[in-house]
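Supplied in structure tokens, the structure appears directly below.
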Amino acid sequence: MIIYNYVFIGMLLLGAIGFALAPVIVMGILAPRKRSSSKADTYECGLLTTGETWVRFRIQYYIYAIMFLVFDVETVFLYPWAVAYERLGLFALAEMVVFLLILAVGLAYAWGKGVLKWV
Amino acid sequence: MPVNAPVLFDFIHLAPEIILSLWGLFVVMIDVALLRRRSSATRGRILGVMSIIGALAALASIYLPDMMDLGHAASNVEESLFQGTILGGLLVERLTALLLILLIFVIALSTTWDLTEHWGEYYALLLWATVGMILLIASEELLTLFLTLEMMTICLYIVTAFEKDQRRSAEGGLKYFVYGSVSSALFLFGLSLLYGLTGTTRLAAIGLALAPAHTSIGLVGNVAGAMAVLLVLVGFGFKISAVPFHQWAPDAYEGAPAPVSAWLATGSKLASIVALMKVLVQALGPWAHGVNDISSPGWVGIVAVISALTMTYGNFAALAQKNLKRMLAYSSIAHAGYMLVGVLAVVVGAGKSAAGPVLFYLVVYSAANIGAFSIAAWLYRDKGTDQIEDLNGLGLKYPILGMCVLLLMLSLIGLPGLAGFWGKFFMFSEALSQGDDRHKLTFLWLVGLGLMNSVISAFYYVRVLRAMFLRPSTGRPLQAPTLTIRLAVIGSAAVALIFGLYPQPLSTETDAMAESRIFITPSRPAELLSVSPVRVVPRPNASDDTRLRAGPIGGGPSAPPEPTPVPDSRAK
Amino acid sequence: MNVACDWAFPLVWAQQSELDSIPWLKWIIVLAVVFFGIFPGIVAYTVWGERKVAARFQDRIGPNRVGPLGLLQPIADAIKLITKEDLVPRSADRWVHLIAPVLILVSAFLVLPVIPFGVGLAAVNPPSGLIYLIAVSSLSALGIFLAGWSSRNKYSLLGAMRAVAQLVSYEVPQVLSIVPIILWAGSLSMVTIFDKQVLYGWFLFSPPGMLAFVTLTIANIAEVNRTPFDLPEAESEIIAGYHTEYSGMRFGLFFLAEYLSVFAVSCLGTAIFLGGGTLPWPLTGEPVVTLGGGETLFAMLLLNLPLIGIFMAKVSLYIFLMFWIRATLPRLRVDQLMAFAWKFMVPLCIINIFISAVWYECVIRPSKPNYLLGWGVTLPLVVVSIIGVLALYRSSMKAEPVELTTGSRRRSVVRSVS
Amino acid sequence: MNDIPLTWFLIFAAACFVIGLMGVLVRRNAIAVLMAIEIMLNAANINLVAFWRYGTPVEGDSPISGVMFAIFVITVAAAEVAVGIGLILLCYRRWHAADVDRFDSLSG
Amino acid sequence: MNQILFGVIATMGVLSALGTVLARNLVHAGLFLVAFFFLIACQFVMLEAEFLAAVQVLVYIGAVAIILMFGIMLTRNIQGDDTTTVSRAGFIAGGLAAVGLLTVLIFGITHEEGRSGRPAWNSVTTRPAIYPASARKSESQAAAINNMGLAVGEDLLTRYIVAFEAAGILLTAALVGAIALAIQEGPVSDDPSDRVKSKQNAESLAADEAESLLTSSRA
């Protein structure tokens, strides 16, 4: 059954989480614990933190995230085409050329609009 | 070549969609590459003209299948392309032509004022929304239906919020988006239940699977089926802004720039009503009124209540409106209510003759709305607001346009002698004559309510006319309208007048369009149509006697296209 | 090749095998020994190797105090980290602060079971193994974001946002450069890819293959945040990027996760491009090792030992390449970094997909693959596309510096959020 | 290795759907509403794949119609989120708040 | 063993969905949402649609969750913990409506009786066998499960080609539209009339800023 592949991966997942948490727990036990107020401040190269943690964010991040989302979904369509390429004839290649052309225009648009520049 | 490779000729039927989408890409690239240096006003005009050329090219390409005389699929024969996912035939071509003409007017309207700086994206999104609408009309399957519905609405979400200098445009867009995606999630859950009930995604096959030939009693006995129908109705109710799901419409119409709200009121509503008719008749038809012996109510009652609510609420709310676009939004809700009566007649009668009047009404309604919204565009261009009292004295200053607006408003009311009247007349008379006695009472009520609402609607339309003709013009007078506004208003007034005096050509045309397969519930194919699956009938206008015709029932599992490379429905 | 063994070690692949009940004990042994024993050991000594190699590049010796040749250095580091105080800033979000490094480490671990170390030696072989691998390796971006956000420090949040933006931008070329492999192998399962490479020779030995290998390596380096793409946690930039507020073993987890993903990513590179476990010579021909089925664990290991050796040699070469690049190349500026991904790598990978389709038609589809035609057609295509995209990229980059320095006579396109 | 009955999957999907709907009704922040919509779409996906797996495909249809539907639903949901966040950011720059019910400039 | 596994995944799935809806802090809600997506992917694996599980993890957790998190960061509530739920009364009303709908749905699911040859839902307890080749009911479904990438690829480019190209157009429209919405100013054009326009734009922004400060100070 295909599920058994993923049962092994599930066991690996749980094992990895345990493998990651074990040292932190051990550290909690072994390591010395001396609380002091100055230690618990957020680190600002030694200065006191100025201004609350809301800083001007550029819209840039959002644009990179959309570009990634669109190309990510594009690969979700590309992979099955690549797998079935052998059995599909030439028309499938033509269809995929059209699909990639459509998405290349999206990339060219973002490029031309200048949003890809990290200003 | 794998078993069901798409036949090359199928793509010919898709010519308009292919041209529109590639043209949208072309417009976007031209805007980014060549026109960077120009100001947004000049860019708007240049790209507007180019988009109109694209729409005209698509319009010409509709008749490509005939010109190419492919030898087999003449375009008058209904046939399912791409293994039953897309429909090609007379209805789809005529409605595509109508949509493209409306699109040309909307694009022309968009060049009136400098509503955005991103013109390339604006026109491309309008073109892609049209591709979504055409494919929505042509889709024969739940998957393509959902995808094209979403494609149309997502393009419209973005375009609604395109006037970035206006706060209301962004807010209207967001409200439209939130309502839209919630209702599309509900719609999808309804589709998944339907898929579970019948096991197939093709509409015709669903209809046959739901046919009450078995012991299953109608809607009441089967709660899962009832939930599926209700959720599908919610999805479509949102799209045609029927009452319980209409809160988004006034805000979206008022917020969006005038040409976009024109496109919302005409194109999006037209495609959604045709899709609603197709799903209700073809897929959910058997459950319309439950099995005759057990008088378990089908969903006809629900749709009747929705239609009544939509009519009355739309009209009463429109009475109190100050803003022209918001009033037009409520009037478009009211018209959705009238059209639902026509849809009910189609479902109950399950005859193709009943679908003609609804299409007739759609044509007339969308033409009138284009004219009305072009007035709103003109008003906004000069005065920056779209309150009704800003129209004061317009009729006196521009008598010809004033007359045209008069014709428009009267046609929207449904005054005899104008196209609007014939639309309502055909639809209501069809509703009264259709259906067996059980439905007589409901239709009587609906038609009565419809007439009463038409009278109420007179009040708010007349208020616009009163402002234009009787009030002295206050504040800055409006400058001369651009050619595009003039053309739009005169064009729609001409439609209202010509088809008002002589409705015959349009009604025969719409009756011919109504003969498409999607308006025949699969559960009754045997009675209405000769059983042989394939019969070609010469073009409708050639001879009228052979009214009965058989689109090949390609979809039903009873006669599934065997997986031969060329399904038999095409063998001539 | 996909042979069912009754004592399949560690083959748990159950697609066609008659494994109707799950061999729990065997799996737990495999997990404990291989996944939580050998691999962390390899990773620890990769860290040691990196420090030694980097030292050699800078003409110094590197760690040699602890044990002979500094071999016990990794263990010393581990003990030091464990005994440090577990410090979490007061304003930080305690739980998310802990979940973030765990998420990154887990995403690195989950890549390993799918990779075929030898003939039939993939721990797990699901039919869509490669897309599973891509999906799991995209989890780390989320982990990095949560690390930055949870420490409620505006510099670490800014560093995390920049790191995620870079990761996300380089994941697209990574994913696109794997498409040629699937096209040639005709399936997503890693074992079939291995079998195809045995038949047709390494996928590297073809012009589109080379191009795809180069783009994949560049994307892998960026994916793991190593020089020249390690801007987010570069010392000179924003304190220490997203793991400013992490100390002690929590920081150790990040360190372990980074080197484990270096190992995982290089295993991916070798498995799909360098024909994991097969020798470059003879190029093609009969399978290297045939499993008659029913071998015992010991026989299985013995048979596969040379293959595992070759695989590990290739992986270490790949990792050495990364060390080498880290020791020599300077760090890229942020805008060059992003522009390079979107304006050079993505177009190149898209074009490469079509060139690989041409290679498929010439070599793999015909019964007798003629490599001459394949090379003859695709080599010029590859060269032309590289030059074309490079020219395009150059022209767009050339326009920019002027703008940036002269206070942009034209308003910069995107202003900050008001 | 007894099998899982179909109704378990359907009840799980219905529960997630209803929770998503409640989220839409209860939450005020536009991004929280967007998350609730994603839950509803995923619930519908589970429904589709469950019906595909437990039913035998009809002759004329594709053998994986349920999975294909789910793949296209994921594409639509991704496009919807991208556009939704774009609209929310546009509204945020105008109103400095992404709460759905604080938008009352369009009254009447 | 399958049923236990399903039970665990289903309860954790419902809990994480509830967490997304009820968490006060938006980023915590986002975290619960990511957990929910992962558990839905596990459900797909339980249904043996593993290509879909990989696509779900890749698209939802890899991209959609990142965009949602960026959306939270780019709107003011960086800590993400401003009040985001409605009043107590609204809460109970929403909850009741949800419970009502749930009972109707569950009643519908359990009491659905089959039609036209399809078995009723609650009678379907075993899925069509794939593994022992002899017991396979439909060869095409078995082939699809064993190599889903191939089956999806074939169907995508032959049967649903129209939906496939429409999805391409939809993605580009979303990309182009979202970028057009996100850009603060118009394209960088030297035309003076553009400049005037964007100055008004800047002024109106400043005006909004001042006005919103006023309202917040008064509130």
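Note that the chains take the letters A, B, C, D and E in the order they are written out, and that residue 1 is the start of every chain.
Here, a contact is a pair of C-beta atoms (placed from the backbone, for glycine too) under 8 Å apart; a residue touches a chain by one contact, two chains touch by 3 or more.
On a predicted model such as this, the values are computed, not experimentally measured, just so you know.
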Set of chains whose contacts include both subunit E and subunit B
A, D
Relative to subunit D, chain with the most remote C-alpha centre:
C
Taking each chain's centre as the mean of its CA atoms, subunit A sits from subunit E at a distance in Å of 16
For subunit D versus subunit E, what separation do you get between their C-alpha means, in angstrom?
5
Cα centroid separation, subunit B vs subunit D, in Å, comes to 26
Separation of the C-alpha centres, subunit C versus subunit E, in whole Å, is 28
Subunit E: which residues touch two or more other chains?
1-2, 46, 48, 50-51, 53, 55, 58-59, 62-64, 66-67, 70-71, 73-74, 76, 78-79, 105, 109, 118, 121, 131, 146-150, 152, 154, 156, 158-161, 163, 165, 167, 169-179, 181-185, 187-188, 190, 205, 208
Touching two or more other chains - residues of subunit A:
1-2, 5-7, 53-55, 57, 59, 61-63, 65-70, 72-73, 75-77, 79, 82-83, 85, 87-88, 91, 102, 105, 109-110, 113-115
Residues of subunit D that contact two or more other chains, please.
1, 10, 17, 20-21, 34, 45, 50, 55-57, 62, 68, 71-72, 74-76, 78-83, 85-90, 93-95
What part of subunit E is in contact with subunit D in the complex they form?
1-3, 6, 10, 13-14, 17-18, 20-21, 26, 29-30, 33, 36-37, 40, 43-44, 46-49, 51-52, 55-56, 59-60, 63-64, 67-68, 70-72, 74-77, 83-86, 90-91, 93-95, 97-99, 101-102, 105-106, 109-110, 118, 121-122, 124-128, 137-138, 140-141, 143-144, 148, 151-152, 155-156, 159-160, 163, 167, 170-171, 173-175, 177-178, 181-182, 184, 205, 208, 212
Within their complex, state which residues of subunit B touch subunit D.
83-84, 142-143, 146-147, 150, 154, 157-158, 161, 164, 167-168, 170-175, 177-178, 181-182, 184-186, 188-189, 191-193, 195-196, 199-202, 205, 250-251, 254-255, 320-323, 326, 555, 557, 560-561, 563
Subunit B touches which residues of subunit D in the complex?
10, 13, 17, 20-21, 24, 30, 33-34, 37, 40-41, 43-45, 47-48, 50-51, 55-62, 65-66, 68-69, 72-73, 76, 79-80, 83-84, 86-88, 90-91, 94-95, 100, 103, 105-106, 108
Write out the stretch or stretches of subunit E touching subunit B in their complex.
104-105, 107-109, 111-113, 115-116, 118, 121, 154, 158-163, 165-167, 169-170, 172-174, 176-181, 183, 185-191, 193-194, 197, 200-201, 204, 208
Touching residues on subunit D, where the partner in the complex is subunit A:
1, 71, 74-75, 78-79, 81-82, 85-86, 89
